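Below you will find the structure I want to go over with you.
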């Protein structure tokens, strides 16, 4: 298992007229969560695209909304990899507010695509290598 | 069952550097789909909030991404109610591109909240009345 | 002079907790306005990129906010070209609500960039040809 | 004069298919810049709304785009108040990339509105008091 925590402050432009963080913006918080998880491994999603030529399109997204997040809330995004990626990679995400209440939980599954051929490929070996120590028994 | 179809053209600002409609924007397409479904019943979500004092926060969202949508694609959003709303309402959504290929499918579940008391309530009676003829045996 | 009008309905996700169309979303309405103006000429911005290999990055944006737009408002976007494009193109934009009140007015200036060389270029000849009849004395 | 610097990392969902930070998202970076400037004074925009009952709608926005920002760039947002607010407040903003190149510059003018009466009011006295020491001769 490998996990990483990062924080995001809710922007005014992300609220809606209910005064909530609009439900459509959580996907972007998930995105930041997994980008920062990769960075914590010493890699970045940017280099994944630029150097490895691997894109990671999203295959599925599931989320449940437990309580609202509001403007200026500092949200902790906890992103967890429970399994080594093979042909897909699944990030499990939980968002907590400053009172440590669960705001939202869910998961997002992505695949790996070679930018040139546009074909699905296995998880890049360097990514598996970086993760392997965290999954060793 | 009650369904409604509406069309949304992908904006440039909704694409990402992969050249895809960013996965986080689909939630907004779902939102437009259910708003237009309500309008087709002779009601609007705006009046739901303003006149009936009922908010509809999202409880869960599930989507699978089948193929990319791209800039300027005219996406057909097909929104379906399979059941009369009780304490919650679930919209089933499918997005199709101009070649009638499925782009994305999923569902979103919302509840009803009284704006003043902030308590969960049952689906407003007027909404059930509007839907009832479409669910009669 | 050449002008085109198009309509955009304010989405829930575009409002903020003040109940206004968030000021950051107007730029996207301007984008839709100029994309539809191009389409009305028998061309599209998509083909500009894909077939002509010309990108149009924004150089400057100026807007004044006259009155709020709100959720579900049907906004008319009036986009005007006052001059034939040379090395840059400037769109003048006004947004009106359903009561025909001015909501927002401004302008956006873009340049033309060759996608391969990434160099600034003059407005493509085909675009000037399409506009010329509308600017003839 | 009072100024504050803050940093924002460009999210994937904020890029467009040109590979640029979409021009419509800069307004949100400006918003974060002024929110953090207020926070650095020991106040927050959230408390402005909640405690002082003062809203700050945007009156005008002007920006020039000097060079693109790209995915994962860490952008420094420099926000400057050149004058004590009276009936309006103007924030001057410059965005720099990690190479300290200017990416974007502009200004945004807001007014103060009493949330209850919806009338324009003068800048709240507490805000002027917090700023005064920085503007004393």
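General observations
As written, the chain order gives the labels A, B, C and D, with residue 1 at the start of each chain.
Throughout what follows, a contact is a pair of C-beta atoms (placed from the backbone, for glycine too) under 8 Å apart; a residue touches a chain by one contact, two chains touch by 3 or more.
These figures come from a predicted structure and were not determined experimentally.
Under the contact definition, subunit A and subunit D share the contacting chains B, C. Using CA-based centroids throughout, the chain positioned farthest away from subunit B is D.
Subunit C and subunit D have Cα centroids lying 24 Å from one another. Per-chain Cα centroids separate subunit B from subunit C by 28 Å. Note: centroid distance subunit A to subunit C, computed from Cα atoms, is 34 Å. Residues of subunit D in contact with at least two other chains: 12-13, 17-18, 23-25, 27-28, 31, 71.
Across the complex, subunit C meets subunit B through its residues 9, 11-13, 27-28, 31-32, 35, 44-46, 71-72.
Residue ranges on subunit C touching subunit A, taken from their complex, read 12-13, 15-19, 22-25, 70-71. On the subunit C side of its complex with subunit D, the touching residues are 17-18, 20, 23-28, 31, 49, 55, 57-65, 68, 106.
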